[in-house]
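A, B, C and D are the chain letters, set down in written order, and residue numbers restart from 1 in every chain.
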Amino acid sequence: MKAGFLALPLIALPFVLNDFWLTQIATRALILGITALSLSFLATYLGVVSFAQITLAGIAGYTIAYFGPNTVGVGIKLPFWVSIPAALLFSVTAGALIGYIARRSRGIYAIMITLAIGVAFFYFTRQNYAVFNGWTGFSGITAPVVAGTSLRDPSTLYFLSLATAAIAVVLVSLFARAPLGLAIQAVRDAPSRVMALGIPVTTPVVAAFAFSGLIAGGGGILNVWYQERISSFSVGLGPIIDVLIIAVIGGLRHPLGAFLGAIVFVLLDTFAVDLIDRDRFNTLIGMVLLIIVMVAPNGLQQLAADAVAKLRAKEHQSGKSARIKTNT
Amino acid sequence: MSLITENAVCPALEVQGIGKRFGGFWAVKDIDLVIKQGERRAILGPNGAGKTSLFNVLTGDLSASSGQVRMHGEDISRYPMDKRIRRGLRRTYQHAHLFDGLSVRDTLFLAVAALRGGWRQVWPVSQRDARVQQAEALAELAGLSDAIHRGVAELSHGQRRQLEIGIALAGEPRVLLLDEPAAGLSPAERPKLRELLTSLPNHITVVLIEHDMNIALQTSDFVTVLYNGEWLADGTPDEIVLDDNVRRVYLGGRDGD
Amino acid sequence: MKRLKIAATALAIGAVVAPAQAEDIKIGVISILEGAFASLGQDGIRGAELAVKEAGGVVDGQSIDVITMSSDASPDSAVNAARKLIEQDNVDILVGPLSGSEGIALRDLSKSYPDITFINGSSAAQDTTLRDSSENFFRFGGDGAQWMVGVGQYAYEEMGYKSVAVVAEDYSFPYTQVLGFMSEYCSAGGRVPEKFWTPIGNKDYSSVVYSIPDDVDAIFVALGGADAVNFLTQYDQAGGDKPIIGGSITIDSSILESKGPFKNLLIGAPAGTPTVSDYEGDEWIAFTALYNEAYPDGFSAPSIFAHHYYMGAKAAMLALDEVDGSLDDGQQAFRAALTDLEFVTPTGGTMRLDENRNGIIDNFVTEVYEREDGSLGTRVVKVVRDVNQVLGQDPEIFLASGPVSRDNPSCP
Amino acid sequence: MRLFLIVTLNGLTLAALYFLAASGFSLIFGLMRTVNMAHGALLLLGGYVGYDVVELTGSWMLGIACGGLAAALAGAAVQAGILGWMQGDELRQTLASIAISIVLADLMLWYWGGITYQVSLPDILSGGQKLPLLGVGYANIRLALMAFAVVVGVMLWFLIQRTRFGAVIRAGVDDQDMLRALGFPIGRIFIAVFALGSALAGMAGVIAASALSISPGTDLQFLLSSLVVVIVGGMGSIGGAALGALLVGLAEQYGLAYAPTYGVVFTFGIMVLILAVRPQGLMGRSEQ
C-alpha cells in the first residue's frame, strides 16, 4: 500500500520529465542515493561512518571501465555478463578487506582510517597508468546494449537505477533482519558482549563492510554508465564528502533517507548556480548544508517524519487546547 | 563418552590458586574452590572482596595472573572466552551492556545461534526455525514472554537482569555464574528472581555472587566468603551465619534476622 | 529565482523587440570558477565575453546570450556542466573547458550531442583532437606540445644549454609540454638526463631541488600556479642558480602578477607560449586595450586563458555571422563555416584549422624582463608562425611515436 | 648519502611546519572530540590576513599576530555560534564544520582572489646560508621553522601541564561530565580552547605563507596533513602530534626524493597501517 503509493509516481516519471530532469536529476540522485545507502547502512547497523564508500563504488566502476569498451586503449574487453559480476566481486572483496583493516576502529577513528584508505586509493589511481590510466582515467565507456537498447538510454538507465535502488533497499532490510545482520547490530551496541556470546567480532564487521561493498558496487557500475567515464577525480575527496553529505542530510535512520538526501543534493548542486550570482554558488551550497545540519540533527527523513507526526498530533489536540483556553 | 561417569569423578569446577594482579595490587589472591556438579554455591563478601574479578578470571574476560581452572576435569585455564562458553560455562554481568538496538527475541536468538551455529546466515530466519522456538522458550524461562517483542532499550532494570539470565541459559549451560542478579531490583521483583533461580534444572551447576543475604542463603547449598581478595570462610548457609570471622567482617556484627 | 527574473524581463521587453528575443542564440561557457584555478578560470570567461561584446552581442539581429557554468577541474564536473547547459539551458554552442582532462571528456561527450557544436576553451591535451577526434569538436588553438615549439631549438642553439633537467607536474598536460620541448631539443642535440614528475599541488619541493644533478645547464620547469611559485621560491632559497626554462603556464601573466620575492628568479628565463602579455604587435596592443577597458579589475594583460576563450568565442561569432545566424539543419552550415574559417588572431597570425579541427597557431619564444615600475613582463624573442599539431613532422611518424607519457619521449 | 641527509633535514623542517599546523587541531580534538574540518580554512584565513598586514605595515611579527588573532576570532565565532550547539554529536559537528569550510573557502576566494600569495620575510629570515658539513645552501626560514615548532611545542606543554587553565583542559580530556558537574563554565572553556586552537592555525597559516605559499586549495592540503598527523600521533597528545608530524614530514620527503610516483600514496598508506595496528594512534590512549 505504502510502497505502491511511492512506486507509482516513480514509475511514471519518464513519461513526465524531459531528458535533462530524468537523467541529470532523477537518475543521478538514484545513483548517488545507492552509494550513500551503502554508507548509511554501515552507519545505522554497524555504527561506523565510512569515508571509503566512494572507493568501493570506484573499484566497481574502474572494473567496468577496464574490462569494457573505452577510448583510452587500456584494459581488456570482456562481455558485460562477465565484467558486471567481476565488478561486484571486486567491490565486495575490497569491502571485506577494508572491514578487516578497520575491524578494531570505532567512532572518529573509523572515520579517519576509512578516509585514509579513500585518499590513498585516490592518489593511487592518479599515479598508476597501467591499470587506472592515471590522472586522465577512462573515457568513452559505453553501457552494454541489451536486446537492441542501450542501457544508457535515458529511460532505460532510469528504470535500471530505480530497480537497483529498490533491490538495494530490500536487500538492506532483509539483511538487517538476518542472523548476521543481528550480529552486526549487536557489535554496534556492545562489541565486548558479542564476544561473550561466543561470536568473534571480526566476522560481523567484515561482513557489514563486504555487504556495503555490494551496494556501493551497484552504485559504482551505474555511475560509470551514467558518466560514461571514470577517473581519479571520481574517487577523490570531493565525491567522498558529497556522499557523506547526502547520507547525513538525508538521515541515517532509514534506508530511504539516502535517496531523500540525494535529491536535495543534486538539486542544490545543479541549480545553486542559477539561484545566486554565478560566482558565489558554493557559499549557498555551504549555507544550505549548514542549515540542514543545524535544524535537522537526524536528517531530512526524520524531519519529514516528525512534521507529519506533529501535524497529526495537532489535529488531535486542537480540540483540547481550545478547551484549556476557555478555562483560563 | 559418558557424561555421567565423568561427572561422577570430576567436580563441575575446580579452582586452584587462582589470582589476578593489577599492577602491584592483587584483586584476587590464591583462591581454591571445588564445586560439585549440580551444586548451588553462593560467593559472598563485602564490596572489593574480589568476587567479580574471580568471575572474570573464570570466564576468560580477564586472564589469570596465577593458578588453574578445571571444568568437569578439563583444564580451561588457557582457553579463550568463546571456547569456554562452548564448553558450557556461562555467566551474567553485573553492569550489563546489552544490545539496546535489538529486541528481546533477537537477543536471545543471537545467543542461541551463537552456540548452535548459523549466526552467519545472511537471510532472515523463518518463525518456525528451531532456534527461534528456542529463543522464545528461553524468554518464557526467564519470565520475559510478555516483553519478547520489546526493544532491549525499553526494558526495566529487573527485566534486563532476567534477560541476562536468559542469555546465559542459551545452548546447554553446565556451569552458570551469576553476578549479583538481584542488584538494583525492586522488592516486588525479588521473589520472581528467587523463583527463577530455584527453578533452574538440577544438572546445571550454579555459582552466585549476591549481596542480598536472603536470596543467597535461600538458594544455595554451600557458601564461600571472600574478603579483600582472599578466602575467608566456607560452609553451609547455617554455618556461615554463625561463623565469627564472617560475622565480624561481613555482617558487621549485625545479627542475622 | 534568476530564471524567473529573466523570464519576467523577457516578457516585459518582449512587447517591443519580440522577434529578436525569440531567436536568441545561446552560447554556454564552461570554465573553472572554484578552487585553485578560479582566477584563471575567471579570465577565461572574460575572454569569451569579450568576443561577444566586441560583436555588439548581436549577430544578424539575433542577440547572443552567454551562460556560464563552473566545473571544478574534474572531467566529471565538466561533463555535468555541459549536460546542464545543453539540456536545461538549451545552449546551441559550447565554449570550454579550461583543462586537458576536461577537454577529452567533452570531446567524448560531443559525440552524444551531434546537434551541438563544441568549441574548445584553453584545454590543451594532445589527444583531444589528434586521436579519436569528434566531428563537432573544434579547437581554435594549439595543444601543449605546439605551445613549446621554438623553445628547444632556442635553448640549445641560442642559449647553449647542452643538457637540461625537467621538473614537471605528474599529469597529461605537462607530459605534452615536455614532449613539445624535448622533440625539438633532443633532435637539435640536447640531452635530458633526468625528469622529476611531482604530484600536482605539491607544497614542498626541497627534496627535488637538491636532487637536480649539478652537471645540467638549465632546468625546464612545467609547473602551474602555486606549484611554480613554491618550486621557484624553494630553489631560490636553496641557493640554486641554474637558469630556468619555462612551460607555457609556468610563465604567464597570472603567475607574473602573483605576489612574492621569487619572481626575480624568472628574469631572463625563456619560455614557450601562444600568449605574450607584452607583445608589441599592433593586434595584440589593440586586444589588450579592449580587454583592459572591459575589465578594469582583470589582469594587466589578457592571460593565456582569456586569449584562448576569446579565440574560441570569436570563431563562433565569425562563423555565425557567415551563416547569418542560422543554426538550422543540425548546424551543418555553421560547422562548415567554422571548418573553413580564417581570421587574424590577437597575436597577428592567421588562425585556421587542420583536418582534425585543431588550430594551426603562432607560437612565441619569450623571455621574462623587468619593467621600469618593477613589475615583470614577457617579451618576444622569436615568433614561430604556422605551427601544426604534428610539429612539422611527418604525421605518420609523429603518430607512431605513441601517446605522451612519463617516459615518452626520452633522450637521457 | 649527502642527498639522504638533506632529504632527512627537509623532512624535519616540513615536519616542523606540519606540527605547527596540526597543534591547534590536536588541542581542539583532544579536549572536545570535535573534528574541526574547518581547520584548514582558518589556517588559510590567518595566512591571508597575515599577508595583508605584512604588506601594510612591513612587520612580519605583526602579521603573525594579526593572522592568529583573525583566525582566533573566526574560530571563537564558529564554536560559539554553531559547533557549541551540537557538542557531543561528533558526526554532526564534522558535517557542520565541512559546511563552514565550504563557505569560508568561497568567501576567501571572493575577497582575495585565486592568485598565489607569499609573505615577504624579514631580512633575518630571508635568503639562505651554506650548511656546514653538507655544503649546500639552505633557506633560513626552513631552519627557523624548527625553532618555531620547538617554541610552540614547549609553550603548549607548559600551558597544558603547568597552568590552571591546562589542568582544566586535562581534566576535560578525561571526563567532560565531571568538569561540568564541578561547575566549570564548560561552554566558555570550549570557546576559549577553540579560539586558542584557531589562533595556532592562523599563525601557522602566516608561517606557511612565508615558508611556502598560500592559494585556494591550501586549506584542504593542510586539513588533510593535520588529520593524518593528529590521528597517527594519537588525539589530544602534543607529543603524539610531534611524532605524527615527524612521520608524515619524513615520509613525504623520502617519497618525493626516492619514489616520486607513489610518494603521496605512502603517507596515507602509513596512516592506514598504523591505525590498523593501533586504532587509537601511536601515543593515544585506548578508549576501552
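Keep this in mind: a contact is a pair of C-beta atoms (placed from the backbone, for glycine too) under 8 Å apart; a residue touches a chain by one contact, two chains touch by 3 or more.
Keep in mind that this is a model prediction, so the values were computed, not measured.
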Given chain A and chain D, the chains that contact each of them: C
Taking each chain's C-alpha mean as its centre, the one farthest from chain D: B
Chain nearest the global centroid, as defined over all protein CA atoms shown: A
Computed distance of Cα centres, chain C from chain A, in Å: 37
Centroid spacing, where centroids are CA-atom means, of chain B and chain D in whole angstrom: 51
Geometric centre distance via CA averages, chain B-chain A, whole Å: 45
Chain centre separation in whole Å, for chain C relative to chain B (CA means): 77
In chain D, residues with contacts to at least two other chains: 106, 261, 264
Junction residues of chain B, two or more chains touched: none
Multi-chain contact residues (two or more partners), chain A: 123, 127, 192, 279, 282
Complete list of chain pairs which touch one another: A-B, A-C, A-D, C-D
Residue numbers on chain C that touch chain D, as the complex places them: 34-42, 170, 196-199, 201-208, 210-211, 225-226, 229-230, 233-234, 237-240, 254-255, 257-262, 406
Contact footprint of chain C on chain A as seen in their complex: 18-20, 23-24, 71, 73, 123, 126-127, 129, 134-137, 139-140, 227-229, 231, 233-234, 236, 238, 270, 273-276, 278-279, 281-282
Residue ranges of chain C in contact with chain A within the complex: 1-3, 33-34, 68-70, 72-77, 79-80, 83-84, 87-88, 100-101, 104-105, 108-109, 112, 125, 132, 170-172, 199-200, 403, 405-406
Chain D residues touching chain A - in the complex, by the definition given at the top: 33, 35, 82, 85-86, 89-92, 94-96, 98-103, 105-107, 110, 220, 224, 227-228, 231, 235, 261-262, 264-265, 268-269, 271-272, 275-276, 279-281, 287-288
Residue ranges of chain A touching chain B (in the complex, touch as defined): 174-175, 177-183, 185-186, 188-190, 192-193, 195-200, 203, 207, 211
